[in-house]
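What follows is a group of structures, each given as structure tokens.
Look for chain A in each of the two complexes below; its partner is chain B in the first and chain C in the second.
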Partner chain A sequence: MAKLTIDGVEYEVKDGRTILQALDDLGLLMNGVDVPHYCWHPKLTIDGSCRLCQVEVEGFPKLQIGCNTPVKDGMVVHTKSERVKHAREGVMEFLLLNHPLDCPICDQAGECKLQDYAFEYGVKHARTEEPRRALKKNVDLGPTIKFDQERCILCRRCVRFCREVPKTGELAVFNRGDHSVIETVPGMQLDNPYSMNVADICPVGALTTKDFRFKIRVWFLEEAPGICTGCSNGCNVYLGVANNKVYRYVPRRNDSVNDTWICDVGRMTYEEIGAPDRLKLPAVRSDSGVLEAVPFAKAIDAAAARLRSLVERKGAGVLAAVASAHASNEDLLVLARFLDAYGIRHSGVTVRRGDSDDLLVKAEKAANAEGARTLGFEEAGPLAKQIAGGGIDGLIVLGHDLLDPAYLGGERTLAKLDTVIVLDTHVSALERVAHVILPVRHAAEKDATYVNHAGRVQRSWPVVEPSFEAYADGEVISRLGAALGLPGFDGKFDVREVSRSLGAAAAAFRGIDLESVGEQGIPLAGKG
Partner chain B sequence: MGLKVPFVTGYLTEHFGDDAFPTLEGYRAKGGYEAARKALGSMTPDEVIELMKTAGLQGRGGAGFVTGLKWSFMPKKGDKPRYIACNADESEPGSFKDRILLERGAHQMLEGILIGAWAMQAEKTFIYVRGEYAHPAACVQRAIDECYAAGILGANCLGTGFRHDVVLTRGAGAYICGEETGLLESLEGKKGQPRKKPPFPAEYGAFGMPTTVNNVETFSHVPHIVAKGADWFRGFGTEKSPGTTIFGVSGHVARPGLFELPLGTRLDEIVFQHAGGVPNGRKVKGVIPGGMSMPILPAGQLDVAMANEFLRERKTMLGTGGIMVMDDTTCMVRASCVITYFFRDESCGQCTQCREGTGWLHKLVTRIERGAGSIEDIEILADVTSKMEGQTICAFADAAAWPVQGMLRHFREDFELHVEHKKCPFPESFEL
Partner chain C sequence: MVISDAAREKIRAEMAKYPKPEGALLAALHLVQKQTGHISGETAQEIADLFGIHPIRVMEVVTFYNMFYDEPQGRHHVHVCTNLPCSLRGARELLRGLEAHLGIEAGETTKDGRVTLAHEECLGACGYAPMLRVDETYHENLDLAAAKRILDELE
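Here is the complex of A and B:
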């Protein structure tokens, strides 16, 4: 440990860190101790070229860049001196010299570090009458990103990102001096599974995602914390919300999960929340075989009636339940209680699998496979075989991963079942065979916890309200249990109370519930 | 006598007129490689470094850092190979001394390298030659080949068992590759952009190995110091700046060329006596004392000894010793246009202040030259240089800012006349 004094306050910092790294470790950078910076990024190599983070270090005649100056025990740093102010004004003025004055139509406006720092640290008027550089506008860098060369301040974060994170190296600085420009390497496109992160780390409006640009002015967005549910990594995100609609995901820093990144596929899963194929209406199949929309309570009653009739004829032994790895721990705990209460012995959890990489993307394409396993749900493969073999007559199914080729490979084998009750967020082929359909909520619409691949419990918050009637899976099952008159089911679902009882259901959850998880998540017992 | 320059010779250049001297045989005939034999055969590496420190040789590449001290920064232990890079990327406008040292004294330089290699226990030297220097590069390569054939370089240098290899590489024409870490990047085949420090080259240099970078002339002094001792060396020059150096004089003088003279020789002596003064009955207006990146001195300040301790008092530096003389027809705003254009064109573009500042300076100066500038523009010019200097990865931004500061310090009137007349008031000056 080393002692570092900044603006008269002494801090203890880890050895071998630079001034900015030490401030970042302490959580103080731009959050108590303001050292503005452009090229430095906590998850990229140090570049040291923007020169905005210059500070005064006692014992050095010249100003030193905070990003690359190693902390030495006893070092004394000043971030607010006149010299520092003069240097920052210089950098800001130089960066603005050739920057276009198109803030009103720039999509970065409102979350632009050039705007912010110019306001905070810049000179208050322009002193140049020389024409500004005219460079390329609206350049297609690849399938996901648009580039405005004139707005670029050459911090080279994007260049380093492509070289260091996806290791694809599509971008480089060409030419030199004040005719330096960033371009894609000849013959290459900016096209990698993490490409859209360059728009997040670009401090200005040079790199924007084709998906989000011009959708909404960012100052109308509320940035709400949440997690990506695209795979079992559970990357932390901010959901950009306005008008009860999610406009985008941007990665939220969590050094234990996703650093500051998210994959492009995961980022785009925000579209699922307000997707046109959301399951919006509860429905019951009529005697004529047609699905008819009914009020929610009627659908619950119809589901209960079908189940009761089947059990009366054949007993609970012919019932099975398929849990979903998309469902939360709270949902799954209620389902487990339901199975116990109703005496359903056949159950399993479906987890759709796909591509993975060694960065963030995990093979299990759902947020909570690990949570389901922790709560005792076994892999649904054997159950799927049993269903296909005709051993099951009634099925409660959460989600539609059962239709994946790894399980049933389609809805056909379900057609002969006596009873199929579906709880789902989105329309699927299950509709063709379901007898009762019950719409449920997306993670972004409820309080819930999930366990990622590494055993880290994370949570979601309700940041949008569905425009149709839908409930958490747990609540739907609670109501079904009550309709069936099952012991312990009164039709109420208090997610906090359910969450608090997770520890009693599985020891790994002991001491963990919605309230304790927080924005950064906590590891399951034994996974720390 | 095959060569007319230097006009004044010293220990470095005394045999440069001898056409045999560039060959190994001719060099040996003048006692060549005896100093290396002495160093490798009878001195420890530390003794050589101590000798260099005592001699007080300052690097001749422009910054003037004490060579012995630089050598002592190399790690003594460690399993990484240690390298030397010899900076032959002479590209400072006004500087042409290294060229003759390469063409006529390649063996002298190689001997200095070999002694340095022994002192730092370096296993390899990369000689990085400016791309445009095709002939000098060929001269050096010939000398290297001769050394390998004669067993001076290679697995068993001079029969002492010490191994040292020398590799010549050529640059591709960027001024910034003369900056030591820009050179290392270029040497590695990358874009020539200076590296941030730390780490310093002695820790992380060429290909990540500990490396010391020295200039051609610096190495050329080394055999003489080893052969004749520190006291002898300190007999030349001033107390703080010992030895001779090769001044290159260009511009409005009767006898432009190279002059090997002790450091501390007066600038007016060099300009008027050695270089023959300003021709055509004109007068000196200003003199750049050390290559284009050094601030200019006005005619009234030429009574200065050419050594850093004295030049600093006049807010300029020795640099590479490239002296550029301008007569009284010269428009200093035009001269500033040339200077700022050069730095704008050559900035590597990494650091904000340099990338944007060099362009801004050039635009401002050009506009003033056109007669479209204002008094405020002159103030801005000064302010811009103050926001460029001392803030960047390498000294390039300083090198771009200082000459403008020098022009404003001594020739502000020229700038103001342009504003007043709304055109250039120096019709006889050179064409842009």
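Here is the complex of A and C:
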């Protein structure tokens, strides 16, 4: 450990860190101690090219760049002195020399570090009358990114990102001095599974994603914390919300989960929230075999009536429940209680599997496979065989991963069942065989906890309201339990109360609930 | 293959001199360019393969330095210094005159592939301004007539 004094306050910092790294470790960088910077990024190698992070270090005749000056025990640093202020003004003036004054038409405006720092640390007037560099505009760098060469301040974050994180290295700086430009090599595209992160780390409007650019001004967005539910990694994100609509995901830093990155596939899953194929209307299949939209309460009553009639004829032994691993811990716990109370012995969890890599993308394409296993749900493979073989007459399905080729490979085998009750967020082939359909909420529409592949419990918040009637799976099952008159079910669903009883259901959850999980998540007992 | 086996051997020997083999990249580029005249995309790929790096890294270095070329060059390089002392002594007029004489602009190569004309920021011969460099040879204290004569004698 080393003692480091910054602006008169003494801190203990780890050995071998640079000044900016030490400030970042302390959580103080731009959050108590302002050392503006462009090229330095906590998850990339040090470049030292932007020169904006200069600070005064006692004993050094000249100002030092905070990003690349190692902390020495007893070091005394000043970040607010006149010399530092003067140096920042000088650097900002150089960075702005060739930057176009196109903020009004630039999509980065509002979240642009050049704008912010020019306002905060810059001089108010340009002293040059020479023409600015005229370079390429609106360049298609690849399938996801647009590039404006004139706005680039050559911090090289994108270049380093491509080399160091996906290790594809599509971008480089060509030429020298004031001829320097960032480009791809001719014939090569910026095309890798993490390409859109370059737009997040670009401090200016040089790199923007084709998906988000010009959709909405960022100052209209509320950046609400949440998690990506595209796979079992559970990357932390901010959901950009306005007008009760999610416009984008941007990665939210969590050093235990996703650092500061997210894969392109996961980033685009925000589209699922407001997708046109959301399941919107509760429905019941009529005697003539047609699905009819009915009020939610009627659909619940119809589901209860069908189940009751089946159980009277054949007993609860012919019932099964299959939950997809999209269901949250709270939803699954209520389902488990329902199964117990009703005496349903057949149950399991379905997880769609796909590609994975060694960075973020995990094979299990759902947020809560690990949570389901922790709560005692078994892999539904054998149960799917049993259903296909005709051993089951009534089925409650949460989500439609049961249709995946790994399980049933389609809905046809379900057509012969007496009762199929579907709780789902999106339209699927299940609707062709369902007798009762109950729309449920997406993770971004509810309080819920999920366990990622590494056993880290994370949570979602309700950041948008569905424009149609839908409830959390747990609430729907609670109401179904009450309609069936099951002991312990009064139709009420208090997600906080359910969350607090997770620890009683599975020891690994002890001491963990919605409130304690927080924005960064906490590991299950024994997974720390 | 653009790079000869002999050159490859030499490059490997250079790589052994540096703690990180990449340190030998400049030496390798000089070696290869001496044989090939310029570093094409194909050549960059071969060098990158030798070093186990991405060809884009090679092109970064090639475009950074003035004396590496990513396009075919003339048989002779004529570089006119246009930095301050040379300019004060008429280097810009000299360059204009040579452009007119050769019928090309600085940065271009004559149609017959004889001369590539370029301007250089500083060639470190301020005391003898204006001056130009033909390949490895300095010609100093020039006027336009003398410079034209030098160019005309090039094969």
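Here is the rule we go by: the second predicted complex is superposed on the first by the 528 of 528 C-alpha atoms of A that agree within 3 Å, B and C clash if a C-alpha of one lies under 4 Å from a C-alpha of the other, contacts with A are read in each partner's own complex, and residues count from 1 in each chain.
In the analysis below, contacts are C-beta pairs under 8 Å (C-beta built on N, C-alpha and C of every residue); 3 or more make two chains touch, one makes a residue touch a chain.
Note that the structure is predicted; figures quoted are calculated from it, not measured.
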Quiz item: Should the pairing of chain B and chain C on chain A count as a clash or a fit in the superposition?
Solution: clash
Quiz item: In this superposed model, does chain C or chain B come into contact with more residues of chain A?
Solution: B
Quiz item: Between chain B (first) and chain C (second), which, if any, makes contact with A:G169: first, second, both or neither?
Solution: second
Quiz item: Between chain B (first) and chain C (second), which, if any, makes contact with A:V185: first, second, both or neither?
Solution: second
Quiz item: Looking at the overlay, what does A:N98 touch: chain B (first), chain C (second), both, or neither?
Solution: first
Quiz item: Counting only touches as set out at the top, which of chain B and chain C does A:H346 meet: first, second, both, neither?
Solution: neither
Quiz item: Counting only touches as set out at the top, which of chain B and chain C does A:K146 meet: first, second, both, neither?
Solution: neither
Quiz item: Of the two partner chains, chain B (first) and chain C (second), which one does A:H41 touch, if any: first, second, both, or neither?
Solution: neither
Quiz item: Does chain B (first) or chain C (second) touch A:G90, or do both, or does neither?
Solution: first
Exercise. Classify the contacts of A:H435 with the two partner chains as first (chain B alone), second (chain C alone), both, or neither.
Key: neither
Quiz item: Do chain B and chain C touch any of the same residues on chain A, and if so, which?
Solution: 173, 175-176
Quiz item: Tell me, which parts of chain A touch chain B in their complex?
Solution: 46-52, 54, 62-63, 65, 68, 70, 86-87, 89-91, 93-95, 97-98, 127-128, 130, 153-154, 173, 175-180
Quiz item: Along chain C, where are the residues that touch chain A in the complex?
Solution: 41, 54-57, 59-60, 63-65
Quiz prompt | Of chain B, residues touching chain A in the complex | solution = 174, 176, 191, 196, 198, 344-353, 355-360, 363-364, 367, 376, 380, 386-388, 390-393
Self-check item: Contacting residues of chain A [partner chain C, same complex]
Solution: 163, 169-176, 184-186, 188
